[in-house]
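Structures given as structure tokens follow.
Both complexes below contain chain A, partnered by chain B and then by chain C.
Let's look at the complex of A and B:
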């Protein structure tokens, strides 16, 4: 366990190395929240309405989506694994006395802790300033359910991008595939727009895939758009388990194919 | 003197074309990946359009902009984004080069540093944006005032100005990396600023905010003004002149700021 804590700690320190960038990031985040609020406020002030969403609901939706995007997105996992495989650096990682999946997960956790240290004060400030615009969860324990679903979403997010990353064992230049995954996942997790505004066939398709549990479902619970159901917990959990085994299987196959190119 | 100027222009044009060729060759060395990237850029455009279509299925107009006028705004934005990514993709990598110390390689070449720092790398797959953007502009023209030579010429001129403005603004923001070394956080700022250009600035009801988006962060001239001129019979020539003045002003400010920032560069390598 100690070795994984060391990886987490290193990951945090690495990110904190450039303090000016940390400050820029905070300003950028504040700016992006401001733009978001102002944009939707302007649209609704002109008498427009998007679907059944009220102004408070749409602002809450996008604010929480942005929070998720800032805290839990693991796209870096895919890029770093891809780079390590391409330039042979993965050899260093696999020689370490720890599982590669667990090693990258610890790094990813470090990034999350760093982001929390960085963004939580800004997020708290934004939530406080916009308190009159934000909607509340439907359930009494809505915030607790939200935290559990968010944790599950983070793990699922990590496993998905881990699988995307290790696909580099088979394709030398994986940038095109990464880019495709990034766009498809970001759309299907509800980052672009609320999924319930899309055509029925799209919603049905989304029900058979894990992506809506990454952003859309937890955000729906915390913003009071949907009430908590146990299926929201069980289905992503099943996805996590099955994708975990798929990830392990693919890694095993991939590492046999790996030729240490670039070492 | 005149001849020397022409020779210099010819030399830079040749270098520019060579860089484009190299970029394309680099990408084409992995054809499957390149085709996937092209398809995904196209998919991104389709999804953007879906967002507009879904939004307009619930409203008639957005701050006075009809659906077809809105297509002109989105189309203009796509065309300018295409130029930004396909030709000036290097701007996004400035902070990476500063961090890794590879900026030296760019600065030591016997050629204008800003030119090379801007054109060194491009993403040819983003030419797909030009196709979708142009298609949207055509649909918009057909469903608004129809084809008018003057409007179209002014539109192209304004697109050029918009590109210069966005390029200059981008260069100013990226130049901050010379001080902070890791300026990756600037990416988020730029992404939020530029993605906002795909909506008309008229949606901002507050006059101060609208003024700021016109004169301080001149997003209005990126897509809103070209689309306004393209889809309205009454041409506001003042806007056209202002766009030109802003483009020149921002270009020289960015040039000055780039040179100023370079003085604060301390190499991470050697």
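Let's look at the complex of A and C:
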């Protein structure tokens, strides 16, 4: 257990090593929130509307989506796994008494903690400044549910990007493949537009996939757009479990293939 | 009672299957329907055993099968057939207990975290391998002293020179005091001073800790300084398994002397100085018996020919092995 804590700690330190980045990042995050607000504000002020969303609802939606994007995504996991497979670094991980899945998860946790240290002040400032535009959860314990859902979302997110990264065992040009995955996943998790504004057939399709639980569902709960249901806990949990086994299975198969060329 | 060897390899084979790609549309079409699978026998019936505490050199030309063999010994690669036993474990099973006593340093594949000081990677390994505080401090201090890296272990790895990085890689690999250590090209790309430091370190470490070490290297000097016994692998088979001294006496009798001339020379002019192995009018390489090198160079320097530069190299493994086959 101590070894995974050490990985988390090293991961945080590694990100901290780039201090110049930090300041610029914080400014740009503030900026992107600002752009978001003014953009949607001006759209609505001109009398336009996005589906059934009020101004507050749409602003709340994108604010929380951006928060998720900043704090809870592990896309870097996919890239770093891809790199390690391509340049053979993963061989070192095979030889160490540490699970690869668990190792990358700890690294990812380190990145998340680092991002939280960085962005929570900025986010708190933004939430305060825009407090009049933010909508509330429908439920009494809405914020608590939100935290639990976010936690699940983070884990699910990690497993999905782990699987994307593992695909590098088979896909040679993983840049193209990764980008495609990233684009599809970010769309299907509601990053670009609220999923409930999409055509019905698309929404039905999305119900059979895990992606909406990554962003859309938790954001829906905290912004009051949807009421909390227990299925929102159970379904992503089931996805986590089944994808976890898929991840382990694919890793085993991938290592077998890796032996054939990359080692 | 004779103790059981710490490493035992019996009839080890590794065959790769690959699809032969031939140029031309006709073949691409053919491959669509029936891909012709060809076999490459990378390791072909290799057997040897190693006692605890031995420091062995694995030699062989590129593609000979030595790295493949090492990979099967470490558990990275699954053998096609044959038996491998290291410390009583089957490496491919990748059991935790096996990994805890084993280390593999690969020249080009770093385990140190690039953006952090080596010390952070050391501490991480301490946790991974469950090294006690005392052992960690003792091992670390000793190795840092031997390799003279005290000032750099707190500098970011990306700011270190290749030699410094390699030294830290070694430390990281040995913090948990493994019983078995594989070193794949540990001195590649390093300057002479760093090479020597690392060689001395490996020698001392092996002597004091009785760590079983297998070393591969393209530098004859590494092997010469460190290994009493060497195993030569070529074309997937063991060509020689025995004492290095015997091998040197028999085969590595020459050094390669390369002379760069200011003006062009003819074969006739330089032929008298020794056996020419490579010839260009401004650069000539000779194969000179070890004991004659001094005289030969003296002879060239005192001649009328204007010398621009002289290089003296070890006869490389390739030519030694070639000698083994031609003699």
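The working rule: the second predicted complex is superposed on the first by the 258 of 263 C-alpha atoms of A that agree within 3 Å, B and C clash if a C-alpha of one lies under 4 Å from a C-alpha of the other, contacts with A are read in each partner's own complex, and residues count from 1 in each chain.
In this section, contacts are C-beta pairs under 8 Å (C-beta built on N, C-alpha and C of every residue); 3 or more make two chains touch, one makes a residue touch a chain.
Quick caveat, the model's predicted, so the values are computed rather than measured.
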Practice item. Please indicate which partner A:235 is in contact with in the superposed arrangement: first for chain B, second for chain C, both, or neither. Key: neither
Practice item. Name the contact category of A:177: first (chain B only), second (chain C only), both, or neither. Key: first
Exercise for review: Mind working out whether A:29 is in touch with chain B, chain C, both or neither, as first, second, both or neither?
Suggested key: first
Exercise for review: Determine, under the contact definition given at the top, whether A:48 touches first (chain B), second (chain C), both, or neither.
Suggested key: first
Review point. On chain A, which partner's contacts cover more residues, chain B's or chain C's?
Key: B
Review point. Which partner does A:116 contact after superposing on A: first (chain B), second (chain C), both, neither?
Key: neither
Practice item. Applying the touch criterion given at the start, work out whether A:187 contacts chain B, chain C, both or neither, answering first, second, both or neither. Key: first
Check your understanding: Which parts of chain A are in contact with chain B and also with chain C?
Key -> 17-18
Point to revise | Complex interface listing, chain B residues touching chain A | key: 29-30, 32-37, 39-40, 43-44, 47, 50-51, 54-55, 58-59, 62-63, 125, 176, 179-186, 188-189, 192, 196, 199, 203-206, 209
Check your understanding: In their shared complex, at which residues does chain C touch chain A?
Key -> 16, 71, 74-78, 94, 96, 99-100, 102-104, 106, 108-111, 113, 115-116, 120-121, 123-124, 126-130, 156
Study note, to complete from the structure: Within the complex, chain B is touched by chain A residues 17-18, 20-25, 27-29, 31-32, 35, 38-39, 42-43, 45-46, 48-51, 171-177, 179-180, 183-184, 187, 192-193, 197-198
Check your understanding: Given the complex with chain C, which residues does chain A contribute to the contact?
Key -> 2-3, 5-7, 10, 13-14, 17-18, 87-89, 91-92, 94-98, 256, 259-260, 263
